[in-house]
């Protein structure tokens, strides 16, 4: 059957695996977006720029203080997460009462500012960042040669995604967050500091983006435009998965990575657009997304 | 006037006032004299974008529908017009007409699909559709991909007026812009426009009053798409080029920027916004990335403290809607 | 009366000033350097090209040239609409006489049009498409440095003849990539090789993993990279990640600049075969120029595009001096084609009827890290392609200026 499709099973499995690897980035980024939208009702357009800042932070750490990849995985999300907290405190806070499209416009503006500043300093061509020594090389799987680093990316993102899902859906902290979104005044009346929870949640979503950025640094170019190239696709993933659904964005992220990978085999020119086709179809049939609840 | 800070995107407008008529005369006078003080190509670019922004404003400011895919109308009309003028050899007025008609048809199809949803979902559907149009333009042979359609002839309008002369072309473009602008103006201040505003303010109530809101929204969408297409097709003749920039999502973002800066839901806002943004881009073009930074700052400042936009604030000072 | 006489004198002066043919527009030569100033092609051209233009102006003045020269730079952001409206503004409103450099073939084609319309001069150094001297040729444009035909016949032919006879292409999905793939496929087949397949990737692709997988599955001996700039760099970096070379295949970078090799580093780029028409370390003239250039360009060494800017402008100055006028683009370009070229960087050469500048091409191989003794010591020379064979024959291009 495979021969009819013009491709051998080995090649197909190889592409599926690659698709899964790309899907891990989509999953992590859309997870951060879904957390922020689901719990805060903010459409965080700055997400792509924050992903880029994570990658640059890793590069800075290596260039100027010799701290390597493993340190960056820890430090970059914290640093970028803090900038997220500052943005939320200074700017986003004022927009909660308004139509949530204003939040989108503001975060879009901030994304432009951040990208412009980095582009001004570094130009658009990328900075190099080495794959850490421990993860060099790869395994010959028979149907393809799998670089160790890429396997690590899948593992890391699955772990992070599942951990986030667990915290939000299964722990007390998570239940406070979810309650605070549904009925902030009531939860505040119970003595929980709702504004602080909101700030922390935004910071956490941003930190997820930065973590994805550090993971991306060794394999994609660390360039100011890396975020804006990706953000539109990630939005599509979130919308398809269901804008508030954590599980939805994880599953959809990996799933769409695989679909994109398959498209690259059969019709590579369309690989950038297949996600939008899927989004259009899903929106027309099930507007709240595959896993979403109508708001 | 409803205060913008209570969460609504825009203010409702009152019927045509004397102040608006004065503003129109002022604008007309400035535009008539402009080519003698500024570079005509720059002015024509600003006029095309002003028309694009006005068309966009009709949808977002008066019907309350924020579309993220408006570039697809401008871009597709631009390509069709360029192709019609260059390959089919149509005279400029027919080429522009062809482009506009195609944009209208596209507006009908995409509008029918998108209108079914509201708010952010509507915006996302328009974005998805726009990206698909972008992909089509990227792949289709006739668009020339990254090269675009180049060497589009300016031609002779009605077989008589040579559009090769920049000054002549400027006045032709001005006429086109005024036509579009007045069309929007009439629409806003007509019973149809009033129904649109009612739908924007409170759709369930409008439905309960017996209005088929879906039809009204679709008509507004198609009108907006048509005029955006007119802007795009005219631009293709002016620059003698149709390229992917016109159909890509940052272009949709630009028109949001212009309308926001000028003032959502004001009549003259998009015109002012378009001129300011185009002027800024020309002025800052030397400085590369600073254009992006300034655009971002404008977005941020407008959303945080300047929500009525330039014309909106000006109008508020005069206590009139402009 | 005195007033009428001075009025008449003023009128006469005004009339003669109006005939731009006979003198320099605005009394000077104004050069517009347009390229990608901050994007993926900023290193091969970018601000460095402005430096190259300045050095050309300095050397002209040092050699006794009297005309005033002013230079401005502009960013086309790799977009034809931005480039063409900037070109219009420069030519119409800012008094620019000649535009130079312009990498990105789609932009170059657009400006090619504008220059012909406004009857100004366009000296292309950075762009690749051989259409500029083919079906899109005009009497106002000269294509310097290199083009896609030369690349295909340089790198492609050499690799096939040295045993790389089965190819798989990774092609940037736009006109430049298609042209490069088509030209190189033709050369491969003409020399007894086979093309096993090709895959087209969108411009500005960050992740080549699935395309590389397909290339590996094809088992072609050579993976031809019909792309440039950031795409080429990404493809090369990721192919080392996926063990392409260990698996027994080799990469052919069809368009690679010194700046790309610098970005990649020798560890990753070693063994790459490429064709360029100018390398900084080939002779003393080049080395001297490089020293001056690097001092003004933050230590970065010049690429062949930079050298092309210098060389094309030096020849332009000579032509304008001979004519004592720069207003009529066609006339200046005709003069540049009439005079043989001679400058410190490209040596002696000629500009053909179709606007193609002719000079030899060089096949280089990137050195291994241990072979490199000093900064930017990246290339070893494998072969020299003589000038009369390096570029497409005059009658094969389809240029209207040639066939009449």
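Of note:
Letters are used for the chains, namely A, B and C, taken in the order the chains are written, and counting of residues starts over at 1 for each.
By our rule, contacts are C-beta pairs under 8 Å (C-beta built on N, C-alpha and C of every residue); 3 or more make two chains touch, one makes a residue touch a chain.
Only a predicted model underlies this, so the values are computations on that prediction, with no experimental measurement involved.
Arrangement of the chains shown, judged by which pairs touch: all-to-all, with no pair of chains left without contact.
When the C-beta pairs in contact are tallied for A-C and for B-C, the bigger tally goes to A-C.
Spacing of chain A relative to chain B, judged by their CA centroids, is 33 angstrom.
Per-chain CA centroids place chain B at a distance of 38 Å from chain C. Multi-chain contact residues of chain C (touching two or more other chains) are listed as 38, 173, 202.
Residue positions 138, 288-289 of chain B each touch two or more of the other chains. Looking at chain A, residues 119-120, 269, 272 sit in touch with two or more other chains. Interface of chain B with chain C (complex): residues 39, 41-42, 45, 138, 144-148, 150-151, 166, 239-241, 243, 245-246, 285-286, 288-289. In the complex of the two chains, the chain A residues touching chain C come out as 8, 10-11, 14-15, 18-19, 21-22, 119-120, 123-126, 128, 131, 138, 144-145, 147, 149-150, 219-221, 223, 226, 229, 261, 264-265, 268-269, 271-272. Chain B contributes residues 5-9, 66, 113, 116-117, 119-121, 123-125, 127-129, 131-132, 134-135, 138-139, 249, 253, 256, 260, 288-300, 302-304, 307 to its touches with chain A in the complex. Those residues of chain C that touch chain B in the shared complex are 37-38, 73-75, 79-82, 84-86, 88-89, 92-93, 105-106, 109-110, 113, 173-176, 202-203. On chain C, the positions that touch chain A within their shared complex are 38-40, 42-43, 173, 199-202, 204, 206-207, 209-211, 213-214, 216-217, 229-230, 233-234, 238, 241-243, 247, 263, 265.
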